[in-house]
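I have a structure I would like to understand better, so I am pasting it below and will then ask my questions one at a time.
A, B, C and D label the chains in the order they appear, each numbered from 1.
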Amino acid sequence: MPIRVTVWHEFRHEKRNPKVAEIYPKGMHEAIASHLRKANDLEVRTATQDQDEHGLSDDVIQNTDVMTWWGHMAHSDVKDLIVEKLYHRVLQGMGLVVLHSGHFSKIFQKLMGTSCNLKWRDDGEREILWVTRPGHPIVNGIDDHLVIAREEMYGEFFDIPEPECTFLISTFSGGEVFRSGCTWRRGLGKIAYFRPGHELFPTYHDLNVLKVIENAVRWAAPASTPAHPTFGKRENGWLERK
Amino acid sequence: MPIRVTVWHEFRHEKRNPKVAEIYPKGMHEAIASHLRKANDLEVRTATQDQDEHGLSDDVIQNTDVMTWWGHMAHSDVKDLIVEKLYHRVLQGMGLVVLHSGHFSKIFQKLMGTSCNLKWRDDGEREILWVTRPGHPIVNGIDDHLVIAREEMYGEFFDIPEPECTFLISTFSGGEVFRSGCTWRRGLGKIAYFRPGHELFPTYHDLNVLKVIENAVRWAAPASTPAHPTFGKRENGWLERK
Amino acid sequence: MPIRVTVWHEFRHEKRNPKVAEIYPKGMHEAIASHLRKANDLEVRTATQDQDEHGLSDDVIQNTDVMTWWGHMAHSDVKDLIVEKLYHRVLQGMGLVVLHSGHFSKIFQKLMGTSCNLKWRDDGEREILWVTRPGHPIVNGIDDHLVIAREEMYGEFFDIPEPECTFLISTFSGGEVFRSGCTWRRGLGKIAYFRPGHELFPTYHDLNVLKVIENAVRWAAPASTPAHPTFGKRENGWLERK
Amino acid sequence: MPIRVTVWHEFRHEKRNPKVAEIYPKGMHEAIASHLRKANDLEVRTATQDQDEHGLSDDVIQNTDVMTWWGHMAHSDVKDLIVEKLYHRVLQGMGLVVLHSGHFSKIFQKLMGTSCNLKWRDDGEREILWVTRPGHPIVNGIDDHLVIAREEMYGEFFDIPEPECTFLISTFSGGEVFRSGCTWRRGLGKIAYFRPGHELFPTYHDLNVLKVIENAVRWAAPASTPAHPTFGKRENGWLERK
């Protein structure tokens, strides 16, 4: 059974800024999706914000095992109803891989219970991402660190709950530091945050970056037998009667 | 400097159910507050849901170091605007001690990012709370376990994020189990959940239970020097210029 | 590539106590191993304490992806040198699934950094294991709870480091509670503890118990590309020169 | 009741290297201890490696609430018996604040269950320590980041168990990153690691560094009522008979 992946993308910068369109002629989502499609165990579709229901019909949401999320300039335009559906789907087991400026998305903030705020600067400086949990499946094939020649800076304090695992920490030429790869669980769902991906740089053409996303998708996939936790009133003796 | 505590209470069961009023003639909040008032280092006020703004004016919220929260039948009547203010105050450092059925309060759900659902049964059965992190300040003075003769049952799965610390786990006569004492941090604020406290039992007259609440209040108090993390754009070189 | 599993077993109770031999005629290790051998993705061998080097030659250790460990009456007879080798192998990525009385094994204590002590009683009482992290791969196929009709009791306080994930919590007829399913990482290796398995009960013939062990083995398997973190002195400029 | 602090120090570099002696004429321990002695709530003594029993008699160990630990060139000379005593004392509730090269001490490795290895370079470069958990008592009074003009570099991967809290992360001029402030609990004891403090730089004269150490000592202090968890066999019915 393949993992059903939905690569969700805001897809607005590419339409308004020729520089972004030049780097990502088909959109950032296609750069990511076309990489993931090479894997036999992944079944990949894309969805974008300006589609009907942001491309996220009930059918798409229910039949997605893992969603990746990139948004930036239009977080507030994402409908609360869709966010609510995504939230419940994560609690039921859908994995969520939040990319770069997706830190400020409604769905990430709702799942974290914090502001997810940070410092930033888009000067295109060198980012080094250091592996702080070697052996973790998300950094499979990434041995010690990765270098991205030009990226936006994100700096601490990053207002997130203490991660269950911090697998990458970045340093920038300017001297800042950032927890760039983190994981949490909410309900039955697994959530990963992965920092790189400013729209003005060709980050999603970087093979190491794509590899981490691919790994994260596999890590976030739900267990093969869906769990259905039950809640509510239990009469005395129910355990014996079963 | 004393810790400024606000004991927040729904205060409806006592007005509608004579049995509850008999156990808590002045309300559950007064049972808790009158215990806390005995401590020299705590400055205690109460606030209840049917007061103006639920008793939570901006002034009260800003001047509260730690809030305790009990609600049950009227969670949905708590105004979203007040919840939003409480949320931001926790991120700025206010401690929050969520009691019993407060697990379903809007503020707890918002901070957790999960449904906080569970199993339950109100047959008045024996609860034993086992200390799973001896030495933790919240169980200071509680050595191995506490017994409550009659309580409501809460059972797993309790849909919360993995606690940063689980300091108490309960077992009930019926055979269920529950993570009854848990902690998390969100922003600068510390959050504790403590399970016991069904309105039909005299749980908040139990000295061990009151001791845990008192300990939790001290544990959740913010650091003496308030921190003010800053976010947003940083020009290159700002670190050197400072 | 199959996961190479070594089922390690003390294998002494079976030889000395006819009751144990009756339940496990070929030893507990064979009960576990014969279940695991049914899975196509697992390559299973066994090793026992009274073999040369406890059945753990350098070759066996290096070629094991995940080891399960059951010991009880002879922990102190396990050679320190072998423990040291296992410890380094875990840090290099070998998964370790510690079963029942293995909580007191040298290797588990060394990896935890705590005493791993607990309360116990072997009266053969009912154990209910409640799933506290549904959706976790180790409880794949186990929906809400499992019941074992007769088992030894283990009770809190269990002196372990705060688990990274607590996926099962047990309650016993006597009223005690125990964190029965926990995970940690040490170096590149993943470690799971799973409580049931007293030698006087047919626990390792229980299909749910076997399923959890099988799941744990898969969960603990190292990433497909072995990581080799490097340490030590780095000259200034090494990052640029690479 | 004051917190009884023992500042433990290897105290060998100062005797062999005039440069170190010039920076710390009375030893690094006195730089730390003389700062801590200014606080009314701390009762401070020192102990050094070349004293009898490393200055750590049973009486000193039993009457220490929090110990700070700096060692570097002589870790292997610390007697195993003393390490064993320190280990049990931590499990019973003594706080431990491990400084800089203490990462390789026997006691830290034993409590962590990992190698605690890292990358390093002693070129005297700029270190910036970023606060990643504002509001935490250990960074009380440290708002956003601290700068140390010249320090040794420590770089990831730092082979430690996932910290329960990471309160500081460093970046260095050379581009490396390091989790410089971390906490764990073992048994009843709290453990903090704090990175800065190479012997060739006046780091322990830096007021911010001293403040973090002072905060860490207070954070690591045991609860006011000592807990005494008990283990071992419990007869059926013991809970009712109490």
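Everything that follows uses one rule, which is that contacts are C-beta pairs under 8 Å (C-beta built on N, C-alpha and C of every residue); 3 or more make two chains touch, one makes a residue touch a chain.
For clarity, every value in this text was computed on a predicted model and none was experimentally measured.
**Q** Need the most distant chain from chain A, centre defined as the mean of C-alpha atoms.
**A** Using the mean of the C-alpha atoms as each chain's centre, the farthest one from chain A is D.
**Q** Counting shared numbers against all numbers at the contact of chain B and chain D, is it over half, same, or under half, different?
**A** same
**Q** So, what's the distance in Å between the C-alpha centres of chain D and chain A?
**A** Each chain reduced to its C-alpha mean, chain A and chain D end up 36 Å apart.
**Q** Measure off the straight-line distance from the CA centroid of chain A to the CA centroid of chain B, and report it in whole Å.
**A** Chain centres of chain A and chain B, defined by C-alpha means, are spaced 32 Å apart.
**Q** Touching at least two other chains at once: which residues of chain C meet that condition?
**A** 128, 131, 133-134, 144-145, 155, 157, 162, 164-165, 175-176, 185, 187, 229-230, 239
**Q** Using the definition of touching given at the top, classify the network of chains in this structure as line, ring, star, complete or other.
**A** Chain contacts: complete, every pair touches.
**Q** Under the definition above, what is the set of chain D residues touching chain B in their complex?
**A** My answer: residues 93, 128, 131, 133-137, 139-141, 143-145, 147, 164-165, 185, 187-190, 222-225, 227-230, 239.
**Q** Sort out for me which residues of chain D touch chain C in the complex.
**A** Where chain D meets chain C, its residues are 91, 110-115, 117-121, 123, 125, 153, 155, 157, 159, 161-162, 164, 174-176, 184-187, 229-237, 239.
**Q** Per the contact definition, I'd like the list of chain D residues that touch chain A in the complex.
**A** Touching chain A: residues 126, 128, 130-134, 144-145, 155-158, 162, 164-166, 169-172, 175-177, 179 of chain D.
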